[in-house]
Amino acid sequence: MCLGLENMSKGTVVLAYSGGLDTSCILVWLKEQGYDVITYLANIGQDEDFEAARKKAESLGAKKVFIEDLRAEFVEEFIWPSVQANAIYEDRYLLGTSIARPCIARRQVQIAKQEGAQYVSHGATGKGNDQIRFELTCYALYPEVKVGTGHLTPKHGIPVPVTPKAPWSMDANLMHISYESGILENPKNHAPSDLFLMTKSPEDSPNVPDMVEIKFNKGVPVMVTHLKEGTTKTTPLDIFSYLNELGGKHGVGRIDIVENRFIGMKSRGIYETPGGTILYHAHLDIETFTMDREVRRIKQDLGIKFSELLYNGFWYSPECKFLRHCIAKSQENVEGKVQLSVFKGHVYILGRESPGSLYNEELVSMDVQGDYDPCDASGFIKINAVRLREHHRMEREAQLKQ
Amino acid sequence: MCLGLENMSKGTVVLAYSGGLDTSCILVWLKEQGYDVITYLANIGQDEDFEAARKKAESLGAKKVFIEDLRAEFVEEFIWPSVQANAIYEDRYLLGTSIARPCIARRQVQIAKQEGAQYVSHGATGKGNDQIRFELTCYALYPEVKVGTGHLTPKHGIPVPVTPKAPWSMDANLMHISYESGILENPKNHAPSDLFLMTKSPEDSPNVPDMVEIKFNKGVPVMVTHLKEGTTKTTPLDIFSYLNELGGKHGVGRIDIVENRFIGMKSRGIYETPGGTILYHAHLDIETFTMDREVRRIKQDLGIKFSELLYNGFWYSPECKFLRHCIAKSQENVEGKVQLSVFKGHVYILGRESPGSLYNEELVSMDVQGDYDPCDASGFIKINAVRLREHHRMEREAQLKQ
Amino acid sequence: MCLGLENMSKGTVVLAYSGGLDTSCILVWLKEQGYDVITYLANIGQDEDFEAARKKAESLGAKKVFIEDLRAEFVEEFIWPSVQANAIYEDRYLLGTSIARPCIARRQVQIAKQEGAQYVSHGATGKGNDQIRFELTCYALYPEVKVGTGHLTPKHGIPVPVTPKAPWSMDANLMHISYESGILENPKNHAPSDLFLMTKSPEDSPNVPDMVEIKFNKGVPVMVTHLKEGTTKTTPLDIFSYLNELGGKHGVGRIDIVENRFIGMKSRGIYETPGGTILYHAHLDIETFTMDREVRRIKQDLGIKFSELLYNGFWYSPECKFLRHCIAKSQENVEGKVQLSVFKGHVYILGRESPGSLYNEELVSMDVQGDYDPCDASGFIKINAVRLREHHRMEREAQLKQ
Amino acid sequence: MCLGLENMSKGTVVLAYSGGLDTSCILVWLKEQGYDVITYLANIGQDEDFEAARKKAESLGAKKVFIEDLRAEFVEEFIWPSVQANAIYEDRYLLGTSIARPCIARRQVQIAKQEGAQYVSHGATGKGNDQIRFELTCYALYPEVKVGTGHLTPKHGIPVPVTPKAPWSMDANLMHISYESGILENPKNHAPSDLFLMTKSPEDSPNVPDMVEIKFNKGVPVMVTHLKEGTTKTTPLDIFSYLNELGGKHGVGRIDIVENRFIGMKSRGIYETPGGTILYHAHLDIETFTMDREVRRIKQDLGIKFSELLYNGFWYSPECKFLRHCIAKSQENVEGKVQLSVFKGHVYILGRESPGSLYNEELVSMDVQGDYDPCDASGFIKINAVRLREHHRMEREAQLKQ
């Protein structure tokens, strides 16, 4: 361990505990070193037997066990701002893991403060981004905390899973599942067809699209309605879960990318983000429909910057807080309804309406002259051309001199 | 006509002639005014009876008729740089019309200079972007030229098409077809299912994917190979046409968007860009695979700026020329092969390889420690946290004061 | 006149009236055409005999005369946000004229609405930016208004100034005086030494510096104190006027530049902005002192964009409103005191302090180890070098292949 | 030492040796540990007794001593690209130290490779930027190298300077001197008046300005001429040294700032950069005079990014190389002459001319109508206002609804 928990004056550690082998080993090792260990397991929508994990932690000597359902706050406080931002890393990755880390670590720090623990620990190690995201959040919210991480060898007395582990690693939450490492490390290898757990293969998905309408207010979804079945969802968690189900059924949101990690390596990752992908497209549509062009342009840059910060673990940084504020401000008039269909892995925008859109059907109509004078366009063009003509003049003069 | 061609001392006009009603009217009217009219029709891949158009122009009194096959230069000089740039307007539109205009207008200006014509004219009118793109190109390349446009009423003696026009307008070229106006002006209306001419409906497309490998060099495709059939294409025009065919077969590249025009209106457009969509995804993949993270980040901003310039008609501007140079420079090491499948409207990246990638399988491997020291990561994180902790300190002090 | 006021059904025009020859001619001409003319003269700090102008307007037939003192709102609502933004165009011009136009035009539009006038008119013509700034403000705040401008020949009966006009044109307000045109149009010509009206020549300015302390709160000055004399100013208008006086006395804020106008021409302008220049430097200092590095970086980009918008006349645009909001948000902690001296045309920052600075003297001290572990820096560097080493590896491999 | 040179298998170290106490201690200590030590001292224009340093190194046991005159390459390869970029960090700091580090470290790495040394070492330690700049350069150019740094206590037998050290630290080279630490750490303290070594106090500088003309080609100075005395300099080193002399004589280029270090701390620094400040202003002027507005705008962003990279030590990075290329490309037409005066700490631009400027005196003239039609401006404005009016319409509708 870099931090050398072994050398510290003993005290209490809050350990982010997954129930798996790695963090069980850390638990046992910390106990052996003389620490009091409080385990903390966040429910952010992953498929997990939380009670079994509780028992396991207790049996391994955890002094206290926290199992916290963070799903609603994950959607409202982390996914929704990302939807507003159209957050996407390197044009493709929707940041499902990146935004889960600060949500998880925030609660861990709260527990540490409340329980008087001086230490936090976790199992995210190695060459990844998650250690960074986790630790930056801890330092930002609890600057005095000591963070201990560890690569540990399996300890005796820890139940080892009988089924062989898949030849890759995965991270799952309400927003997505990511797959990397192992046989996926060779970027040329195609992903095995049985990899995906959250989405059906488009080849096996229904032959008939589903059509839904998503209603937005201030840039976040407030209602989703299935156009044929009439099903309606209105709470953030219900809306997101329903879109996950729908996207999963139609194989939406699978990507296979090579991305640039914060530590400077390129890594290959495969992701499935069904509901997040639907929302990404729907929000992009309602935003462009309702937002002024130039505000949108500025906000686009802010969103790109925001996405980088999320990826690199800076959710709790002054600049990210500033950007969240600015982006939220930009969303004040982003309201209306988007109709879309999902089918065979793809999302199709079908139409949109808004009570407050800048879209002016009469103004844009080719059949209505209205207030628009074509001669103004000629003037507009000629003034825009002043600069271009001057440039041409200069180039010609330069050529003549040669 | 804004420019008042009627008041000019007569001379020669090169008219961008489509063979349709509008430009035929302009031709007749110009003749009536006493101008010599040279018609010019560019073949940039649209579905057109060029010989019929030639005859029509001649019969209406064109002094000279130019029909020019620009397809190869359209791909090599306009589509390829856009692929290198990942050019996309407002995150969705691949700019198929935008980049065709400067290609068409450039040749028109060449003809005007060569034929000693003082005037150019075209049929792009109204509230759109195309008049701007056309005229800015003309002024940039031939600053002394006079541009005349016109809204004209149908003239007698001009053959009128018998079949009623579709209740929308379209613009077609090798890269895409766009649909707008008419019944599409209401942004809520779904597009009719028989709208699309270039792509099959995903619902009717094959139930089996096609897999191809695209080879890139310096950021442009140099070969495409069908993985099962072994078909291979190697010239730019062949590659692009083949990808169009493939994408069209599988319903790839349909979008329905509201976009912001240069003149400040929002307009609804529907586009199908089969080959361009495949290339967009493939290039994004090989680029991220081979380009340094920070170069990519800078280049991403340049690409966004570049896309705006194309949309607004500034292909021939000093800044666009500068950006093309910089973007091309960024592509020097963008080489390698991307394997992908197209299926039911979607493009799936399957894997990639490159002789010169920055991807280092050993470095990134979770199973190989190698040169990478986890303690360096701890230092990296702690230094990154210095700023965050200071911010927290200040906020706490501020709270205490209150 | 482009708009053809001569063809309009007659009504009431609010004319921005300067008291000078040009706008007097417009007044007379409008009367002759049958319009009712209301003149409006804004006091934004220029040196003017307002009562003489009132009498002149009345004698020329103005139906009503408005003379409005906008100095306080000019400082608080236009200069202060520009100080917060460090607004500067093309790295040099502090935008003194640019931000006066929307201030003036806003009141004119208010008068037009209140008086039921359908028209507004002004004397800013020709190739400049001011026509644009004026008219964009009018259209933005009163979309139905008709704007008439005119190049008019002198009318009989209008008193012509006896003293010959200076061989350049100038625009003066509380923030600055600009000089352009005439003998200044040749960019090689040095400005004559008697040009400047607001600042003393540094060669003739005092041989002893003046030292002041400027106190900021939320990024705007709230108090200025002369360190030796103890003079104190606390209202925005007093603060700004005092800094003008001080800067003027010491020859601060003179620049000679070529700038790029919105209409695409380059023009040569000479400016003197005494108080604004002092504030620019002082604000830059307190901002960097109190603002997080990365927030500052984002805000810097917003400020550049903001400056362009001001220059181009878009103060009243959705994007400029959005930027003002974001920039104001960034200033929440920008508080403290800056001590500086002004001497012979230059501003010297001497020191600064803040109750809420992120500056941590102990943390940065070379004499105090504190919490900072140099080994963390090594880790930080090595992780940052991962990417550079990979790049080197790839380049070496590429060379070996050749 | 973080890297633990004490534990390495012994070999050869190239030590960046200053002749001062710190690096002398490192030399002795390395010898004691059993290393062969090669000392390397770069002459980049600092005031130093190089022969004394050589003797000292030899007397302390250096196996080999390199003293390298890098002044010409420092100017041509590091200062000139920074001038082209208008490189400035956080709007104020001209990066004099930042760009010297890669110049020095590059040669050190060359020596290490040539001498077969596996190690490099330096005395830049603690909380500063220089360690980062130094080490990133080493890793980038010699990825296998091991870098050892050290805080060492004084060793016996090393001559200690008799004169007490100033109560601050400084770093000097041809471009600037920086002062920090010690009594300067309190950001409120004014700098003592005897601090500056490179520039005269403006209060004591001549009462008559000096006027020079600087001729640029491709964005770098190629000749400087004193307008009265006729003195002319034409080599890069001569030009820069002459401008240093001139600026120093007139007290030009002093700043007192708080800046944000890469490691996340704020630090106070005082700098004097006489020649660099003159060139910054002169280049800004000729660039705006000759470069298209929109190219300039893009290049401005690139220059800001470039400046950050220099500050943070990334001169030898793929992105910095890319930016240097793009920026150099933008300078192709930046040629001409700028006349300026230096006086009492300030630089005044007086006029400029260029054989290839985009400045068109006739076009911009208020006295020449020329090709410019004022009605085009009205059209230009009205089209620009379309968006603003729509925004107003929407806001009004929103208000009516409430």
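Order of writing sets the labels: A, B, C and D. Residues in every chain begin at 1.
Just so we're on the same page, a residue touches a chain if its C-beta (ideal position, glycine included) is under 8 Å from a C-beta of that chain, and two chains touch if they have at least 3 such contacts.
In this text, all values refer to a predicted model and were calculated from it rather than measured experimentally.
Enquirer: Show me the overlap between the contact partners of subunit C and those of subunit D.
Expert: Chains touching both subunit C and subunit D: A, B.
Enquirer: I want to confirm something about subunit B and subunit C. Since they are copies of the same sequence, is their interface symmetric in residue numbering (over half shared, so same) or not (under half, so different)?
Expert: Counting which numbers both chains contribute, over half are shared, so the two copies meet through the same residues.
Enquirer: By residue number, over half of the contact pairs should agree; on that basis which option among A-D, A-C or A-B is the same interface as C-D?
Expert: Matching pair: A-B.
Enquirer: Once you count every C-beta pair in contact for both, which comes out on top, B-D or A-B?
Expert: Taking the two pairs in turn, the one with more contacts turns out to be A-B.
Enquirer: Distance-wise, how many Å sit between the C-alpha centres of subunit B and subunit D, to the nearest whole number?
Expert: Roughly 41 Å, centre to centre.
Enquirer: Could you tell me the distance, in whole angstrom, between the mean C-alpha positions of subunit A and subunit B?
Expert: Centre-to-centre distance between subunit A and subunit B: 30 Å.
Enquirer: Mark out which residues of subunit D touch at least two other chains, giving numbers and ranges.
Expert: 263-265, 292-294, 297, 301, 317-318, 357-358, 360, 363, 372, 375, 377-378, 380, 382-388, 390-391, 393
Enquirer: Under the touch definition given earlier, write down the residues of subunit B that touch subunit A in their complex.
Expert: 2-3, 86, 90-92, 125-127, 131-132, 135-136, 139-141, 143, 149, 151, 169, 181-182, 185-191, 202-203, 207, 209, 254-261, 263-268, 284-285, 288-289, 293, 296-297, 300-301, 304, 308, 314, 316-318, 339, 343-346, 348-353, 357-361, 363-367, 372, 374-375, 377-378, 380-382, 384-385, 387-389, 391-393
Enquirer: With touch defined as at the start, can you tell me which subunit C residues reach subunit B in the complex?
Expert: 292-294, 333, 355-358, 360, 363, 372-373, 375-380, 382-384, 386-387, 390-391, 393-394, 397-398, 401
Enquirer: Under the touch definition given earlier, write down the residues of subunit A that touch subunit C in their complex.
Expert: 263-265, 292, 294-295, 297-299, 301-302, 305, 317-319, 322-323, 325-326, 329-330, 383-388, 390
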